[in-house]
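Going by the order they are written in, the chains are A, B, C and D; count residues from 1 in each one.
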Amino acid sequence: MKIKVPPQTPVEGEVLTPDNLAGRSINEILNLETFRGNRRVKLSELFTVEGESASNPSDLHLILEGDLRKVRHIGARMSAGKITINGPVGTFVGFEMSGGTIVVNGDADAFVGMGMSGGVIEVNGNAGDAVGSGYWGTRCGMRGGLIVVKGNVGAEVGLWMKGGTIRVGGNADVFTGVRMQGGTIFVAGNVGAKLGAAMVDGKIVVLGTVPNILPSFYIDEIRSNTKVDGDKIQGPFYVFYGDITEGGNGKLFISVEKNQHLKYREAYLL
Amino acid sequence: MEYLLKNGYVVDPVNKIDCERMDIAVKDGKIVESVDESKAKVIDVKNMLVMPGGVDLHSHIAGSKVNVGRLFRPEDHYKDYEVKSGVRRSGVGHSVPSVFTTGYRYAILGYTTVFEPATPPLKTLHTHDELNDIPIIDKACFPLFGNNWFVMESIRDDKLEECAAYVAWLMRTIKGYAIKVVDPGGVEAWKWGITSQDFDQEIPRFGITPRELVRGLVKVNKMLGLPHPVHLHCNQLGIPGNYKTTLKTMDAVKDLAAGDRPILHITHVQFNAYGGVDYLSLSSHADDIADYVNKNPHVTIDIGQVIFGDTTTMTADGPFEYKLFNLLRGKWANSDVEVETGAGVVPITYSRSNYVHAVMWCIGLELALLIKDPWRVFITTDHPNGGPFTEYPRVFSWLMSKKARERVLKRIPRLARVRTNLKDIDREYTFYELAISTRAATAKILGLNNKGHLGVGADADIAVYNINPKEVNPSTDYKLVRQAFSRAYLTMKDGEIIVKDGEIVAAPVGRTYWVNTRAPKDVEDVVIPEVKKRFKEYYTVEFENYCVPESYLAWSAPIQPLEPSGE
Amino acid sequence: MKVINAVLCPGCGSLCDDNEVYVEDNKIVKVKTECAISASKFLNYNKERNTKPLVRVDGQLKPTTLEDAVERVARMLVEAEYPLLYGWSLTSCEAQKKGVELAEEVGGVIDNTTTVCHGPSILGVQDFGDPTCTLGEVKARADLVIYWGCDPSSAHPRHMKRYSSLIKGKFRTPEQRKVVVVDVRKTPTARNANLFIQVKPNQDYELITALKMLLQNEEIEEQEVAGVPVEQIEELAELMRSCEFGMLFFGLGLTMSEGKDRNIDAAITLVCELNKWTKFAIMPMRGHYNVTGANQVLTWQTGYPYAVDFSRGYPRFEPGDTTAVDVLSRGYNDATLVVASDPVANLPKDAVKHLCSKPLAVIDPHMSLTAFMADVVIPSTFVGIEEEGTAYRMDGVALLMKKIVDPPEGILSDAQILDLILKRVRELKKGR
Amino acid sequence: MVKFTLLTGRSLTQGVGKEAGKFSEKYIQEVSTCQIDPEDLKILNVKPGDCVRLTTEYGSVVLRAAASTSAHRGSVYIPYGPYANILIGTKTGGTGMPNFKGIPVEVEPAPGESVPDIKELLVKIYGRVK
């Protein structure tokens, strides 16, 4: 499917999942309705469609082309199949998805994988804020699955995260892993301040620099390497645990080499 | 507009009508003897169940704590929404629905009168602001008096007449309906961080016990001739072993009763009927409470049934909510209100496999089934504390069918079955008893003469359910009961069709009742200036700005008090 | 000359209701108040007043009729696919209700200025709750008052004297109260505090974390946190632990700096923690006089306090996406109606750029900066001066504002203007 | 050119001035003045009343400098308003709230430049008015 003209107002992309499209003919798909702003529009007004549909969602590979920056909730609640997005995409990609794969060949806006419980999201560009968080008030972020972002991510990655893995190839902004309750976050680049704030469980690995460590984390040991989903990651790492104020048992693995300014904490090693 | 509802099976306990096939005539918003069939709109409700509109005397639908519940629980509503269509505004539902949705969903259940049972007087302008926005249903609110400095001080100083004058002034100034007491003295103690107030323990810095306070307010209630008895939420709510406090409280005012008119309503008793010493040993003492109520006509109760699932607890009982927060460690809102009261809000998920929750579930039903007189026990969920009001049909089916209860009983922890009596109770409500407990009796105890019945002159608030009471056996067909009560075939309010086949077709404004009370003029002339003087010291608003003008109510319906029945 | 007592001040969120206003020939000639902002409001409200509906013709604002202005706004809203209805904090709840109805009717996003003041506070509340009280509780009981990232001397001039640190209550005299200020600058409020803690910008979160550590008797592996020596943090922790009734007032210093909602998360959980030791409460210092009312009205009508998206016919709340700054910076909206607010003066440049690039209408008594940039301007009355209305104080107490003088001829209230627009919108929709 | 931290906020004068009107002298004067510690002014080689240019990642504007002991070393304080907004970004971190406080800012003397007139400024940046 190719978006005809980038829409001026936001388009709801919930309908764009293999679960919704499977078993429908191209014509039926073109006649499906969604919202552009407050207008009900047919997909045919927004997209051109080529190829063929599949009867089973898991056999369906949906390819979206064009500037989708104002299309939000693409792949919401999908359970199977694959979506490839060639271009930049809007907010809430993979909202509450439970299975299948979404690949974004471009940048993704905020709230990638909000409330997801399974499946894979791959962003081959940058991603916005609150990747892998949860709907407001639920106190529960991503529970399972994998999110991979090649580039940088915004603030509050993994907010309230409970399970699954987030891998960031670039840098992460402030509050990485805030209120995290489980799962793993791996950041290959640098992170902003307040790393792991108020986390109670889970693991965060940072290969780049960390501006400071919150006073509610204690240094535990120095480890030569660690693992993320079975992959060995070479250290050495400072290992901190916390957040003490939450009685937390979360672990921060922070590159020793890139963070010599934290050397003074070694004095507290038992 | 004239209507004739033809051929329904009418259940109207006030007029002793039990499933009789008859027609109901409606004209200008009232039930009338007959209408001209050629002019009236005739609606055939053949083989359907016709009842007066439901009357709920205890449901938290409006005011500051309800709005706190809405505000801090987006996760409660984001999946349950109503799209704007026709006469219907959009909104959200689940345990703390938005105002429009509240009105619609009550009407769909066939309820037409709902009272908000707790308003902090200082925030009652807010409560009315929301009540004004709730469409269709008639409503009112009960101001909180159980931790009020003026009340505590005047009862302490043995100045009952002055207390009565203050209550009368406040009731008409803020347009309230009844005296509500929540955890008497306990909220004042909580304002200093103290979380336990016993019935015979002195309230910190006020030199008076809850016993004296409750007795004083029951006397005041009689002096003023308020249409509803003192509406009391006991001390020690939610605490194991609290059934003793409840019994003590009921017995404390027994000597004040005169005739067979109830003088005290104890609300959501399920939360106050616990045995045991901690949550591990929690057990049901519903039988002791029921026994007392059966023997003593001066009290009525409502049950406060628990429904398994997610909901939001909210009460003026701030210390209880703090204790609940410490058990659950989730979200906690607390809002102490100067001079008067407080409030707390905590979300909860009642789970069938949780021993404590299962015991609570049993207790509510036991109360409704063990109290023999349906005129003195009312069905509530203390919405949303035990569960949302939209679950009422489920409660009806449990009360009407032992089989329905057993289905749940089978799936709760064994120990919860053992430490409760529900499994041994065979009683099943009839449609007649259900109609008493959900409309006739509640209207009567609220003093609403035009509600809860279908006699000539009554407000034409009518609910028609698509179920044939002559054919359906609720004991076995409890699912049909639940379905029928979930979506009224027809709801009429003040003679206007509101719900047709489960859909909202009109959404007019509803009344707000309040009691226009007055104490003797010479007493008021002394008391009100004194209140005004102390107001500046106690409050942060001006005396003049405390008032809710009658013009503020969307449809003001003042009620005159009854004849005072002495001290 | 007429004297009107117990007048509410439509100035800040303190909503003081004890002002005396003197009126002669339908003019306010004198105000008895202890507040400079309030005096300025009552005496100057009528200056720089625009009393004619305006419409932009050839780049210039030209007078027009009310009917024409209403018609243009209605058309703008009906034609838009995703209109933004923004503002709402300087008007009555009655107008706010009309605003919700209009937003629902035109399928737009309605957002109030909360979004750029205490929006993060609400997000914090949605995760943890809100242990709070009314201001009279502070007056009666508080023996410790903390102002964190707020400066009542500048923004809420009578707050301390009327409600919090400097007032005598039933159980407390001002001398019995200790005052603590935590801020990045030595504010006017800080100069009179018993303890002033100067925190480094963007490090309030670290400081709160350190406080929690000390309250839990945990050791801190640092000499100082957020630029504050650990001994001084210990001093504050001890004050908090040992008071009988503590109150934490916080302001935009917490919501606008790094951390935002997480700062409030930390502050609320700190107060929850403190309730294990003593009685403690927390309250945001709300700025505009009825921004609290906007949250209340939206919440009871839609379930959500701000940033409500009606584009699909029902209320949706996705802050960070449906919040005004995000809507504008992502370029979502294709028209904007601003009521009782001045986003051109208050929002970041790039958001304002988008705002001004699309059709823009303003309803405001003042000739605001936004009105100066608008396509259509409809003047309205001043609520609380020329119009009655409900407003909510920062602690959620609802009060009725009075009408003191008549508005200039032909000027309607926000609620009336919105009602005219709503009616016209319904007609236009029917015709389509 | 010196690096500072930008703080924006309310001030009493801004509050009072706002009530007198957004085009009033009092309001404009207040919101187009930045407060800097006297010691920092010396480092900048700027006297109170002189113009300085402030530049952030998001924009640049010329304002009047004032000495203030409230502002601590290393920070610049501007009351909320149309001038401060030029220096503020729209990133909200997923919260709806931009960073109005604690933004890195470069300050340099701007001799020969003047604070732009409010109306001209609005027209220049946001267009629309002819």
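Assorted remarks:
One rule holds for everything that comes next: contacts are C-beta pairs under 8 Å (C-beta built on N, C-alpha and C of every residue); 3 or more make two chains touch, one makes a residue touch a chain.
Fair warning: this is a prediction, and the values are worked out from it, not measured in the lab.
Chains touching both chain B and chain C: A. Chain closest to the overall centre, judged by the mean of its C-alpha atoms against the mean of all protein C-alpha atoms: C. Chain centres here are Cα averages; for chain A and chain D they lie 37 Å apart. Averaged Cα coordinates give chain A a centre that lies 46 Å from the centre of chain B. Chain centres here are Cα averages; for chain A and chain C they lie 33 Å apart. Between chain C and chain D, the centres computed from C-alpha atoms are 22 Å apart. For chain A, residues touching at least two other chains, in rising order: 110-111, 129-130, 136-137, 139, 156, 174. Multi-chain contact residues of chain D, defined as those touching 2 or more other chains: 92-94.
Shared interface positions of chain C, i.e. residues touching 2 or more other chains, are given as 123, 126-127, 202, 258, 310, 312-313, 317, 319-320.
The touch graph of the protein chains shown belongs to none of the named shapes.
By the contact rule set out at the top, the touching chain pairs are A-B, A-C, A-D, B-C, C-D.
By the touch criterion stated above, chain C contacts chain B in their complex at residues 5-6, 8, 17-18, 93, 97, 101, 104, 122, 125-137, 139-141, 162-163, 168-171, 244-245, 272, 275, 278-279, 281, 295-296, 299-305, 310, 312-317, 390, 392, 396-400. Residues 11-12, 36-37, 40-41, 44-45, 47-48, 56, 58-60, 115-116, 119-120, 123, 151, 153-155, 157, 184-188, 198, 201-202, 252-253, 255-258, 260-261, 287, 307, 319-320, 323-326, 328-329, 342, 344-353, 355-357, 366-369, 372-373 of chain C are the ones that touch chain D when the two sit in their complex. Looking at the complex, you find that chain A touches chain B at residues 135-139.
By the touch criterion stated above, chain A contacts chain C in their complex at residues 8-10, 12, 35-39, 69-70, 72, 90-92, 109-111, 129-130, 136-137, 139, 156, 174-175, 178-179, 193-194, 197-198, 212, 214-216, 218-219, 243-245, 265, 268. Interface residues of chain B facing chain A in the complex, by the touch rule stated above, are 72-76, 78, 330-331.
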